[in-house]
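The next part holds the structures, each set out as structure tokens.
Shared between the two complexes below is chain A, which has chain B as its partner in the first and chain C in the second.
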Partner chain A sequence: MSPDSAPTRSNVALRGSSQIVSEFFEYSINSILYQRGIYPPEDFQIVKKYGLNMLITNDEDIKAYVRKIMNQLHRWVSHDKISKLIVAIISKDSGDVVERWQFDLEISTPKESEDKGTSTIPLQKTKEDIQKEIQAIIRQITASVTFLPTLETGDYTFNVLVYADANAKVPSEWIDSDSKEIQNGEKVKFKSFSTNSHKVDTLVSYKLNNE
Partner chain B sequence: MTSVFDSPPRLSSNPSRTNLSYQSPIREKSNSTLSLTSPTRLNVVHSDWDNSTIHNNLKKNPSFTSNNLTKTDRFIPSRYSSSNNRVSQNDSLPPPNASPSAHIKARSQIIYKQSVADACGLEVGQRILQYQPLPPQSKHCVQLNQNSQFNKNSRSVKSTIDPIRSRKISSNPERVLDAPGFIDDFYLNLITWSSDNYLAIALDNSCYIWNASSGEVALLTECDFGISSVRWSEDSSYLSIGKDDGSIEIWDIETSSKLRTMKTQAGIRIGAQSWSNHLVSAGAKSGEIFINDVRIKNHITDVLKNHVGEICGLEYRKDGSQFASGSNDNTVCIWDSRSSIPQFTKTTHTAAVKALAWHPEMNSLLATGGGSSDKQIHFWNTTTGARVNTIYTGSQISSLHWGSSTSFGNEIVATGGYPNNCISVYSYDYKIKVAEIENAHDSRIISGNISPDGSILATVGGDENLKFFKVFNNTKKLEQSSTIANGKNMSKIMTIR
Partner chain C sequence: MDSSPFIDNPANKSGGGSRYGSPFRRISFNSVNGLGSDAGTAVVGGSGNDQNKVDELKSEVNSLNFVVSDLRNQIELNKIESEQKVNDLMKELSQQHLKNDNLSSDQVFIYNQNKELNSKLAHIQENFTGERSKYENEIKDLKNELFQFKKQYDEVQTESKYKFSQMEQEQHNNELQIQNLNTLNSNISDELTAKDEMIRKLKLKMNEQMSTIEKLNSDLMSIPSKDEIASVQTINKQLSEQVTYIQELELKNLTQAEQIKKLTLNKQNTEILKEEKAALTKKLTKIDELNDTINDLNLQLLNLQQENAKWKVYLNEEDDVKIEEFVKNYALLKEENILLQNNFNQTENELKNSKNLYNELFITHESLSKNFNTLSKNYENIGKLNNELEQQKSLAFEESNFLREQLKNLDQELSLNEDDKNKYIQNLEGLVDEYKTKIDDLTKKIPKEVSNKRQRTEEDEAKDEDTTRNFQKSVSRLEDENFNLNNKISKLLNENSVLIKKLQSLEEIKEKKVRILQLRNNPFLNDQFVKKELLEALTKENNDLLQKTPLGETIPKSLYERSQLENQGLDRKINELNKRIQRLREIFSAKSLEFIDAVYSLLGFKLEFLPSNKIKLISKYTKNDKNCLLIDPVKQTFKTSKHNDEDDVFFQICDNLIDFWIKEKNDIPCFLAALTLELFEKNQSTDQ
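This part shows the complex of A and B:
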């Protein structure tokens, strides 16, 4: 009856989409930090998000650190300047990358011009749909602890990398880096989620324990 | 573009000279084919350059032009490409009027870039950026470690540091005694501490017994020769005194009487002795080791001639089946007590080996310490002859004694000389110095001896002081007393002659 008004309210515009994406990044990083024991469990508190109990750090320093990264990420995402976000988990002793979480970000151009009235419903995702997809990924991240090698709490630290466009504005805190790939690592691909304008793939690669 | 081209020729030094070379065909060979084939290029040059300066330079050294004539062709295109790189990085295409080769080069460069990027799995025009600031350290982590409740996380590092803090030994001696006339000679062993808590010390040619329990001092004997070594028997009933003339006196401590004098053929001083039951092995300055059986008249049962330098360390293993000898010839020999040829001869040390210590529990673990030019403690497996470990101490080692602490387990204490005459305690498992007493003596420490309960180290130095330091805390009282009891029983059975 009102195909143009009702869906648009629940629809997600580009700005909202980048908001969702960067929020997802923030929660995933927090989950990884908690699940992989980069910081002890005491540093985290439970918040409700995506219909799940999510763990978010409550340590002021870590919060500020993640916040700074997230602000910049959000700026990049909304200007479509990055294609990958990497969370590399690094051994404090050797500096080796032991785990590499990769989030691929794709811009999916919505085909709004073709079909306006009839097929808007399958094309345009609602917030609920997106949330369900994100929920599934977060669950997978949580479950990944079962197959990933055990990491002793406190022995590891992390680095955040992005694959940015060459013409992106880069603040001075960000420096050029290598890709921190893991040689001959195992790779596990997770589910992906997509908004109307973005698609995010999640992938973890890790070093096999017995090598 | 013109601005780029304008600047170089105005310089009068080297750069302009090289630039000069491609001007030459225009001035002198303007009619040649060279200039005709590529007129556009030459026109550019012509318009950009100040002819007068070049002409002057030409006049100054005409030979220059002929030499560099061949470079003409090569130089111009390279200037095009370099200027392009500088002006705009994104658009690496040469200007439309550049030579075809320059275009080809620029194109192939782009293709090359792309293929390299593809091979690296990168997209062209992409940067990998890392957030540079380091992630914060968790504060909880630190606190938890201090509480040592969850210190699983960084045990490997923490656990070795924390005990060092707790492992403190007092740098003040428990007691200081005067030792006037003590001979400052590294190769002699002039103090010995018995399991009955008597400490015997030789000062010049007299021997004193200090009762460590009561603090009384008694003169045992004054010899006609200088004393070069003293040693208690295992059961602490007898004291053997080695002298400069090569003879050994056996004294009964209970009655303070001399039981016998054993002469060796060597006739030179006995620097080291060690007891095993009724056997006294004595190392002479000649490098010979005499195995004496105190019970029989012809007391020398064996003469071991392997060393070529003065014997300054001799130590039986607790069970008596092996013994080690250290010598001024920088070697350590490990002997089977039944054999007269050494099981192993170790030449790893680079200085005289005086300090020898068998581990009280691990039978085949021997520690040996080298002298002033060696400064190493080597650990040996005496069954296989393998060197198990090495600790560099940084000073001459005059004695080694095993001990243990609750935080580190096995430890070894070394007494040293120059530079700071220190007593150092090393952890055997971690191979690190866990405690030290610097400047324990004003002069180098000549000898060290551990008390029967294994806690006090008696050291005597060139400063003629006898000092007592508490270096180990946990004493092996029970075990020690039992061995004493055993020794007492044995002494009743064992008689000399």
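This part shows the complex of A and C:
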């Protein structure tokens, strides 16, 4: 589609969906930073989102960093240029990746109703349905502290990686990175959520303390 | 219109109807008299009955006339309508004919066009196949060219890089030279101006001296004296010295002019170098463009590699086969495969035939073996019979011998009696006949038994043959099925391996096509950068300290730098801690506000914690905020503050309550509760 032409319905839907997805990424990054104790709890403030009390950072530097990522991410998501978002939690002393939160993003086609004898109509997901699914994931992230190894506040930092398409336009602020994989790490898959245009799977891999 | 009922009927009514009454009038009459209708009219009408009938008939005739005329009109109208319809239909028919003609002509035209298009299509297809092969060749050539261009481009790029670096170096040197020359030039020009000024001054002096000389000469000519001569000599000397100095200056001037010439040459050279620089920058831009094209080509290359990988999936990874050769080999292999398949089919057919033959032979073999068994049994039976017969024969032989002996004896006896002899011979003949008949019976019995046995075995054999045939057929069928299933399994296994390879290659390609990105300025890299900086500073400090001589008293600069870095780190930490404290304060203030609000809403007192460890209590029900209670929990003191005299009521209440609750009961919470209740009641009464 040329940039001058009027936006079609699907285009609008895609934009709305990418907005939802990038918002989810922002809140989940903040939740991970809070729940995993990367920054002290006083650095966070409570806001209402997805029908839950979400915690977002108060620190201006981290805010700016996350905002910068989200701005670019929204563009990439709406143009279907990314496939993964990684939040790597890294030890400041050793530089080892101790936790790797992976969000897989894929374009999904809406399901169709299966009424016999009638023409198939794509099932449109309502905002409430999407919100319920996101709620479930955020709850799982919150509950993950029960099985994930404890991390001392101040000893760890984080980094956000994006798996972008090779043809995607990359601003000069972005540079290449390694995948920061955890070798032989434990993996736990979380619930997934989907909009009418996207599907997001969540997975955490972590290093066990005794290793 | 004479026949119209609307004209005739009213006239009839006025003429006949008015006199004798219309049916309406008749009914009304009848209704008055209360008689039957027909009877009433008959009695009243009397003589005018025929006339009535005539009138009725007339009216009927009139109405019928009207109906007839109406029908005629209708018929005429219908006729006109039908004519119109016929005309319309005729028109439509003619139009349809015209349309039909047009359609037939169109059909013919379309048919012709179709023919032409078919011929064109065939022609185009021919051309297309030719062109396709041409384009394929062209694509191949272009690929080759692309490869060559790439090579050339790489070479050109390396050369250009090399040249560019050389030129940059030259440029740098030239710039340095130019700078030096410029400074030299400026110095020399300054000197030159100074020298020019000097020359000018000297020339002026020389002119002055020349004028003085002339004057002196004239004076000398007029008054020659010894002193003057001496002065003239000194002047001459000075003059000669000045002349030599001027000559030296002129020489210097000449050398400087040469130097200036050289400098101008250098300037020209620098201009040429500048032009070269501009050309090189243009080249650089071109190189940038070429870099873009290289990126595009790399993308194309990646796509081609993908295709190559797709194709390579079907080959072993170690094979380094070109696709053209592979396709050629594939075609050859395909032909070979077809031939082999034909051969395979033929051999398969032969195998099937031979199998069938084998089955038949097997069946015959089975039947023959059974026959053989039966025959061997028969043979054994016959052997037994033979033995029996042999025994009988030996018995018969012995009997015959015995009988011969008896005959000999009898011959001797016969000589005595011929009658008895005859009788005896007859008896013997009878016995022989009996034996013969017995032997014949036995010999007849043997083939019969054999034939019976044979008949039985043939029936069994037929049955056995059928079962074996069925069995053989089922076995061959199952073998075929097994063979087909084995083929299928091998095919599926091959497909599976190919698909696994394909999947792996696709995953690899996907991984290649993805870039993992991070922000340049991220928390982890920032942390690493600080650490790296500190490490570098420490290593530098260490090296400096190691290199430092033991006698030296100075401290290396790197030590200071390292301590600066450490200070920066500490500053950062201090900032972070300050931030944290600030946030904690904010949280504390927010929470304390919440607490004060809760206390205010629940207990009705606003709490203010004063710096002097005192607590200020302001009731919810006081009109003035300055009417408050001051409690010192350390010193156990209690104060009331008063704003103005208007609030005496508040203090009266307070005093009363203090006397009772604090002085007597020593209970502050009850005092506060009582105070709020009192103040509330007071407010209520004043509001009312």
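One rule holds in what follows: the second predicted complex is superposed on the first by the 186 of 211 C-alpha atoms of A that agree within 3 Å, B and C clash if a C-alpha of one lies under 4 Å from a C-alpha of the other, contacts with A are read in each partner's own complex, and residues count from 1 in each chain.
One rule holds in what follows: a contact is a pair of C-beta atoms (placed from the backbone, for glycine too) under 8 Å apart; a residue touches a chain by one contact, two chains touch by 3 or more.
Small disclaimer: the values here were computed from a predicted structure and weren't measured.
Overlay on chain A: chain B and chain C clash in the combined arrangement. Residue contacts after overlaying the shared chain place A:158 against chain B and chain C alike. Shared-chain residue A:95: touches chain C; no touch with chain B. In the superposed model, A:42 makes contact with both chain B and chain C. Residue contacts after overlaying the shared chain place A:58 against chain C, while chain B stays out of touching range. In the superposed pair of complexes, A:142 makes contact with neither chain B nor chain C. Of the two partner chains, both chain B and chain C are touched by A:174.
Once the two complexes are laid over each other on the shared chain, residue contacts for A:131 go to neither chain B nor chain C.
Chain C is struck by only one stretch of chain B after the chain A overlay, and of the options 114-122, 312-320 or 348-356 that stretch is 114-122. Under the contact criterion defined above, the residues of chain A that touch both chain B in one complex and chain C in the other are 40, 42-43, 59, 62, 65, 68-69, 83, 157-168, 170, 173-179.
Of all the residues in chain A, the ones that touch chain B in their complex are 38-40, 42-43, 59, 61-62, 64-65, 68-69, 72, 83, 152-155, 157-168, 170, 173-179.
Of all residues in chain B, those touching chain A in their complex are 121, 123, 125-136, 138-141, 144, 150, 152-154. Interface residues of chain C, counted against chain A in their complex, comprise 299, 302, 512-525, 527-528, 579-580, 583-584, 587. Remark: chain A residues 40, 42-43, 58-59, 62, 65, 68-69, 83, 88, 90, 92, 95, 157-168, 170, 172-179 touch chain C in the complex.
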